[in-house]
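Just so it is clear, A, B, C, D and E label the chains in written order, and each chain counts residues from 1 on its own.
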Amino acid sequence: MVIPAGGFPWLTIVLLLPLLGVVAVLLAHEALSRAIALTVSILTLLVSLPLWFAFDNANAGMQFVEKHLWINSPAIHYSLGVDGISMPLVLLTTFLTPLCILVSWTAIQTRMKEFLISLLVMETATVGVFAALDFVLFYVFWETMLIPMYLLIGVWGGPNRVYAAIKFFLYTLAGSILLLVAILVLFFEGGRTFDILALTHASYAPGLQSLLFWAFFAAFAVKVPMFPFHTWLPDAHVEAPTAGSIILASVLLKMGTYGFLRFSLPMLPDATVTYTPIIMTLSVIAIIYGAYMALAQADLKKLIAYSSVSHMGFVTLGIFALNAQGIEGAVLQMINHGITTGALFMCVGIIYERTHSRQITDNGGLANAMPKYATFFVIFALSSVGLPGMNSFVGEFLVLVGTFAWSKLTGTLAALGIILAAAYILYLVQRIIYGPASPQMVPKLTDLNVREFGMMVPLVVLVFWIGLYPKPLLDVMHASVARVIASQSTSVLVQQGGDGRSRTLAMTAEPFAHPLIMKGDVAP
Amino acid sequence: MGTIVFFYFASVIVVTAALVVALRSPVFSALALLVMFFHVAGLFVTLHAEFLAVIQILVYAGAILVLYLFVVMLLNLKGEVRFHHQLTVGLFLGCMVFAEAVLLVIKGEFSLGMNLPDTREQAQLTQGNTESIGELLYSTYLFPFEIASLILLVAMVGAVILTKKGILEAKS
Amino acid sequence: MDVPVSYYLVLSGIMFSIGLVGVLIRRNIIIILLSIELMLNATNINFVAFSSYLGNLSGQVFVFFALTVAAAEVAVGLAIIIALYRHSASTNIDDFRLLKW
Amino acid sequence: MLYALIPLLPLLAFVILGLFGHWIKDRSHWVAVPAVLGSFILSIMALVDVTDGQALQIPLYTWADSGNLHIALGLFVDQLTVAMLLLVTIVSSLVHVYTIGYMHGEPGYARFFSNIALFTFSMLMLVMSDNFLQLFIFWEAVGLCSYLLIGHWYERESARAAATKAFLVNRVGDFGFMLGILLVFVTFGSLHYQEVFPQLDRTAGSLVNLLGAVGGHWEISVMTLICLFLFIGAVGKSAQVPLHVWLPDAMEGPTPISALIHAATMVTAGVFMVARFAPLFNHSPVAMNVVAVVGGVTMFIGATIALTQTDIKRVVAYSTLSQLGYMMMACGLGGYIAGMYHLLTHGAFKALLFLGCGAVIIALHHEQDMKHMGGLKDKLPVTYWTFLIGALALSGFPLTAGFFSKDELLLAAWMSGDLGKVLAVLGLLTALLTAFYSFRLVFVTFWGESRVDPHHAKHVHEPSKAMTFPLLILAVLSILAGYLGIPEFLAPAFPGAEGGGGHHEGSAAMGMMVTATAMGLLGIAGAYWVYVKSPGLPDRLAHQWQSLYQLSLNKWFVDEAYDRTVVMPTLNLAERLWKRVDIAVIDSAVNGVARAVAWGGWVTRRLQSGQAQNYALAMTVGAVVILGAMIFY
Amino acid sequence: MTLPLADLVLILPELLIVGMACLILVLDPITPPHKKVLLAWMSLGILVVSSVVTASGFGERVMAFSELVVLDSYAVFWKMLLYLVSGLTILLSMGYLKVEKIQLAEYYAFVLLALAGMMVMVSGADLLTIYLGIELMSITLYIMAGFKRFELRSIESSAKYFVLGAFSSGILLYGISIIFGVTGSTRLVEISAVVNGRGIDDPLVFIALMLLIVGFGFKVAAVPFHMWTPDVYEGAPTSVTAFMAVASKAASFAAFLRILLEAFGGIKPDWNLLILVICIITVALGNLVAIVQTNVKRMLAYSSIAHAGYALIGVVVAGWSGIEAAVSAQGVSSLMLYLAIYSFMTIGAFSMVAILRKGGLEGEEIEDFTGLAKRHKGGAFLMLVFMVSLAGIPPTAGFIGKLYLFMAAVNAGLAWLAIIGLIFAAISAFFYLRIVMVMYMREPSSEQELHTRLVLSTQVSFVLACAVTGVVLLGIFPGPLVSVADLSSLTFK
């Protein structure tokens, strides 16, 4: 037992509380189960708050570290900790879980207890993914989360739920195959340890790095999901219950990008630099392609799902820009996407509860029938568009700054996504918020009740807080992101050394060859 | 002389073995097997395994084959299609196995004798063969012997269970 | 002792192959059992021949065990055949195809 | 710090109305109007402070830090800012007052007030920005407000579509603006004016290779690229060709908001931006020329379209387009001061015209088609006279504000070189058209026989005081603005720019003044001839010049062209990509893998025939294969 | 001739078990029907006693009976596992036999006798002894497969198992005879000495090795010697299937590995490629065919084939040439760990099948699980855990098993093998999840609602509890078992 002196195992408590909640829900009467789960999840949120307030912004290393031996041969540790990258994601998870329970308060009628248990297990697993500092522990959480999600989609989902659930499960599982092998290879190549930090400090041969990079890529790209591995997402989103969609969009997708950031970049710097053009290309395709897909959708959830593909493209873009603005923007964008898309799914869930249709044509004229709802919806929609003053803008702008410093052309193409985002979102708003109501639906359209209103308010507060004053959130990341970049910069320099710069770099990076313009390329 | 005797036994064994597989009636097959057992026993004698020769006849011919014949008679089998439709494939594969084994041996080293351990002693075990076997059986091979006895026990009880009539009817 | 041990090996090989083929090509389960007896006998010849050539009596003891096992198998096998026959009045193994795929 | 209140007061009004509008309802103007008036008063204080030439810098808070990117929001107040502040607060105040009458009894009363308060706040922040990003943030915010306000009557299909269109077209412009900002950042490492502008001379000569990505070679000056990108933003916001299409449609909004958008605030942002970034543009002659040409083209096209429109607001809207073209052209030709001058006077008389239109419309119970108007000058005397003053100003009638500013503008253009001369001539021609359509508007609406729906005819009466009061104020301003010495006031904001030293003397100035006046009078006379003297003439002309008439009436078919080349193809492409690529290729590949695996299972399963001999055969095959492999191994 | 008392003490557990088997056979006729359960409890008792005796021998390596029997930690590990599985099988059978109306006390004697055969297999140091152990086990299982004599399916499975089993044991014995001819002995140590000295070019050794691999391939159900498995598993009484799938497989693997490493450890290049190929096609075929099954038992049979394939990865690693001894030992220990974990989850899964009844019949179709989660939350959840574990998804033990196997593979430089294994593990998730899917996501028809139910008894509950505890506990705290497996693999030479 090596709890750091004076430390308090906050992370363990955050991990365990939902599990205790599971037990409590299991033992409780069905009628009480919701209240218990909600209490537990709020409690978890409260317990996770110290992570924010006691966080030392200047410290680039892991904080709130706990490390105990779990299995001794080979040494696998129960080792937790957060840095500026993972801490906001942990908070995002604990923040969204109570909302998920609230949003399902009346939407879920059958098997309430199982539903709540799945949600709480999801919470533990996702927090675990973000907090794990041991690779095996990480993988355990990474995979564990599949089961409750499978059940969430498959049991409480829409008509085609079984297909969607299986597709989600198998797709992501298949993606993780290479990850596990890569973890094992890293174990043997990185000094026989599963300690993520130790593995980060080890160095690997370039050839091996390439293999590992693509192994990681397979797992993370499916999770993100990057083009062309995205087709599970629309199905999963459309069929999942609202809470499932929220968790899926807001937290699960972040695991992939978090993986890139935590593993691919620091551990495999050379491969990262070598393959960055490919990832950047895929990201740009995802941004534009996802937006195009969204334009063509008639189903609300599908539209938002495809928009997620587009938005997550920004995140991968920022990460692989390999500079401070890009990565910080990407992390911020992960949070933003979590809040905004989660909120949008929540909105869709609310309307689905009333009209039992997710078709855009069935849900019109909400501005008159449900003015409060319409206000919230428009706010979140505009946040999704990346309107300045709201959260997404900050992330997208930073990402674009980072990308632009990496390559003007890529940045320009990515910025196109902003136009397209406005197109599909406003087209959506025009039709469902302001459009004509279908007569048979009107009687069903009752405005938000207190519970629903209460769910929306914290999200709106976050939307504007991050949009208007993102500095605190960014300050948390600086040190950690700088560390990630520090692992990169040597590699970038090496790649650009020799005959000026390597072929792949010249291909995409820097269409405008000007010394001044290179300024943002290498980390300050 | 020994070679001629061997070839006599060998040829009869091969022919009767083939007959066992080829004959239509199970009864004839069993009888062909009987002939083969006797010749195998003869071969054992030439190899100075007299005890085994006797056992071979007693157990195989006397017990096992009789059992077979009992069952064949009991079941009163009608004439039916002899061969499975995978006849040709089966024959081909049998030949292949043998041919491949031979090929493999030839390819390796075409002198089987040389492959035997160098430490072999050409001890003649003509005298006290049965006694020696008994000695071995109850000392060195005591443990397998006991297991063999268990196998027989299981077979016995098992045969009873599987063919006991009452229970079958009780259920149906 | 002028017959080389390889002759015995070849003989047993042929016997074994015939037994093998018998299992593959006959439909009657009784004949299949007989074919298996052929395979076991081939083994016995091997053991005895090697025993003789090696001057190692163990080989003969093994034959003894093999015989025991063969006997036990026959007992069980015939019991099974009878049980089968009671169910469907057939001893053709390929008539029994309830369990497949 | 007191000046921080200038934008904050409207923001406060917005927040109060946004949160509690539900309860405040009809008393909303008691929150909004004082707030904007407060801003106005503070703006006057700022004016006093700034007159001595000292620019103010008010830091607010650090917005974000990331790597070498540091962005602190702050306020920057110089002469340019103050001029804009005054314009915005005056027009906004008057529009607020006007709204009390215009929107009286509407269900969305509080919503409307909260939105225009937000709009005012955004515009004020925009003009007071001290860095590129802040400018962009409020640039977009202004766009958002226009979106909300244009779509105020969202029950109308056309209003919904217009709102979306306005936002989207603006987004296209913002895309360019964003790229410009990014390029500024990677070039200068900062986004603050104070840090960027001093570096300009050092960077002016830098080149970039545009085709580097594909191995080609096409070098262009960084400054040009930055300016062009930024200008795309201005094109979108100031409705320059080819991104002008949103502006006429934006007439779907309530008239007060049309006035606010088209006269004082949103559309001027583009011109303001070019003026604000004058130091940048000055380093790129190419970009300047582009700006000038785009402005000139817009000016001309706007005027030609305005000739034939029958919707009273649309005529004014296209005139705005045209006038913005003037301003942009002037800026492009280096006449920032003239451009800004015209912007300010135009703000006054265009607001007047719009509000006048609103008065007519409200008097005729929301009738906007000029075909159903006429003869209103007796029934609506105040409106008529103020409207007439506005029209005169627009036509550049001597001694009105429009006369001075347009003259200044054309002169600046004429003086700036060959391109300037060509554009100045075009400007004169446009001035003729301007006068023509302005008075077409006046004559058709107020003169002649009444074509008003008899049903409404007897109810036609002058609108309430809340609406006429702003008209009067603006009418005064439309004349007075020409005598305030605006160019001299603005001059310190544009060091080195031409045209800052008062009225030009000499033959060129005199000639220009005479020519412009003549053009204006000619246009008025023409309109009088066509619409008053010979009432059948317009139809005959239209018939005779069918193709030209259709071109003008249908706004040069730009909307249709966009529909065919951009909108429909995009939607079609989206649909096709989805069905033929996403579903048919990518997803099919995924499902295909699954199906292939299952198929493999089906096939392999057949091996399990149920026959024991088959099983033995399989074992034997295994043995044979193994032995065979050993032979050949 | 004197009784080798010291040796007899060493095989005390075997003696106890065989003795109890005989006692049951004797007591059976004189025990009134309703008291026959007592015999089962007696068997359980003797298992407990034996396990205590066996466990005390952990850490030593002793030869007995003229070096025909070896008692080392490796054997102890497997024996303990076999006790556990046999005990669970007996507990499971107590209810199952009653429901199926095949309450024969001989059953318990047979379990014990088969167990004795397996114990001989795992601690045999001599090919012939191992062969006899195999025969004891096999013949017992032939009979047990046909225990439901009144059902043709049961007899058919018995017949197929018997015919093919006898066929394979004939092949195995022929291989042994050749080995005897080549080396003059059947003791593993002596074979090893001769084979190592002789080098790897002796074709007869090749042939014998091939025949041994066929024979053992049959026992562990490796492709293409696996074909009996689905039919027999489906037709045999479920409790017997569970026993076969777990115990017989574990014992066969134990013996197989011991023979390969102890006798043929010197000629690893001769056989490791062969095993590698078998391993891959086994994993592939098992998982592929399992996808299209509709019968749970049959699906689990294919799954057990696939798992045999995974376990073979351990064999491949242990036999991989050119790696350190420690890596080789890792292969062995990962195989042991894997099979131990496999035992828990498979017993659990089969127990669930055994207690699911559809009217008077066994509910063994996947369809019969439809909507189980509605009526039996607990039962459905247990099945979920077993399926998830079989699919190898954390935090269950199945993941730990795969983790260690693949870790060993990667350590031996066989990362690509791990990838193949994992790809098929992902495929396997499909059919395991299908059961979860029908349980949780399908609405049962009214008929199913009426007729399908879980028949729970205290004993079965205990079995399920044991299995699920094992699956979960080993998934979260595998440490002790890993250590034991490591230690065992080290004492094994």
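Assume contacts are C-beta pairs under 8 Å (C-beta built on N, C-alpha and C of every residue); 3 or more make two chains touch, one makes a residue touch a chain.
Bear in mind that the values here come from a model prediction, so they are computed numbers and not experimental data.
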item: Other chains in touch with both chain A and chain D; value: E
item: Longest centre-to-centre distance from chain A, chain (CA-based); value: B
item: Chain closest to the middle, measuring from C-alpha centroids that were averaged per chain; value: A
item: Chain-chain pair with the highest tally of contacting C-beta pairs; value: B-C
item: Most remote chain, CA-based centroid, reference being chain D; value: B
item: Averaged-CA centre spacing for the pair chain E and chain C, given as whole angstrom; value: 26
item: Centre distance in Å when chain D and chain E are each reduced to the mean of their C-alpha atoms; value: 78
item: Inter-chain centre distance, chain A versus chain E - centres from mean C-alpha coordinates, in Å; value: 43
item: Cα-centroid distance, chain A relative to chain C, in whole angstrom; value: 65
item: Junction residues of chain E - those touching two or more other chains; value: 128, 132, 135, 139, 142-143, 146, 149, 155, 158-160, 163, 167, 171, 181, 184, 206-207, 230-231, 293, 427, 430
item: Residue numbers of chain C (touch at least two other chains); value: 5, 9, 19-20, 23-27, 32-33, 49-50, 53-54, 56, 58, 65, 69, 72-73, 76, 80-81, 83, 93-94, 96, 98-101
item: Touching two or more other chains - residues of chain D; value: 594, 605, 608, 610-614, 616-617, 620-621, 623, 627, 630
item: Listing of all chain pairs that touch each other, if any do; value: A-D, A-E, B-C, B-D, B-E, C-D, C-E, D-E
item: Partner chain C, residues of chain B touching it in the complex; value: 1-3, 6, 10, 13-14, 17-18, 20-21, 26, 29-30, 33, 36-37, 40, 43-44, 46-49, 51-52, 55-56, 59-60, 63-64, 67-68, 71-72, 74-75, 77, 80-84, 86-87, 89-91, 93-95, 97-98, 101-102, 112-113, 116-117, 120-125, 129, 132-133, 136-137, 140-141, 144-145, 148, 151-152, 154-156, 158-160, 162-163, 168
item: Touching residues on chain D, where the partner in the complex is chain E; value: 594, 597-598, 600-602, 604-605, 607-608, 610, 612, 614-616, 618-619, 621-623, 626-627, 629-630
item: Contact footprint of chain B on chain E as seen in their complex; value: 1, 4, 7, 11, 18, 22, 25, 64-66, 68-69, 101, 104, 106, 109-110, 113, 116-117, 120, 126, 128-129, 132-133, 135-136, 139-140, 142-143, 146-147, 149-150, 155, 158, 181-184, 194, 201-204, 206-207
item: Chain E residues within the chain A interface of the complex; value: 373, 377, 384, 388, 393-395, 399, 403, 406-407, 410-411, 415, 418-419, 422-423, 425-427, 429-430, 433, 436-437, 440-442, 477-479, 482-483, 486
item: Of all residues in chain D, those that touch chain A in their complex; value: 61-69, 133, 136-138, 140-141, 144, 147, 151, 154-155, 157, 160-161, 163-164, 167-168, 171-172, 174-175, 178-179, 182-183, 185-187, 189, 203, 206-214, 222, 225, 570-571, 573-575, 577-579, 582, 586-587, 590, 594
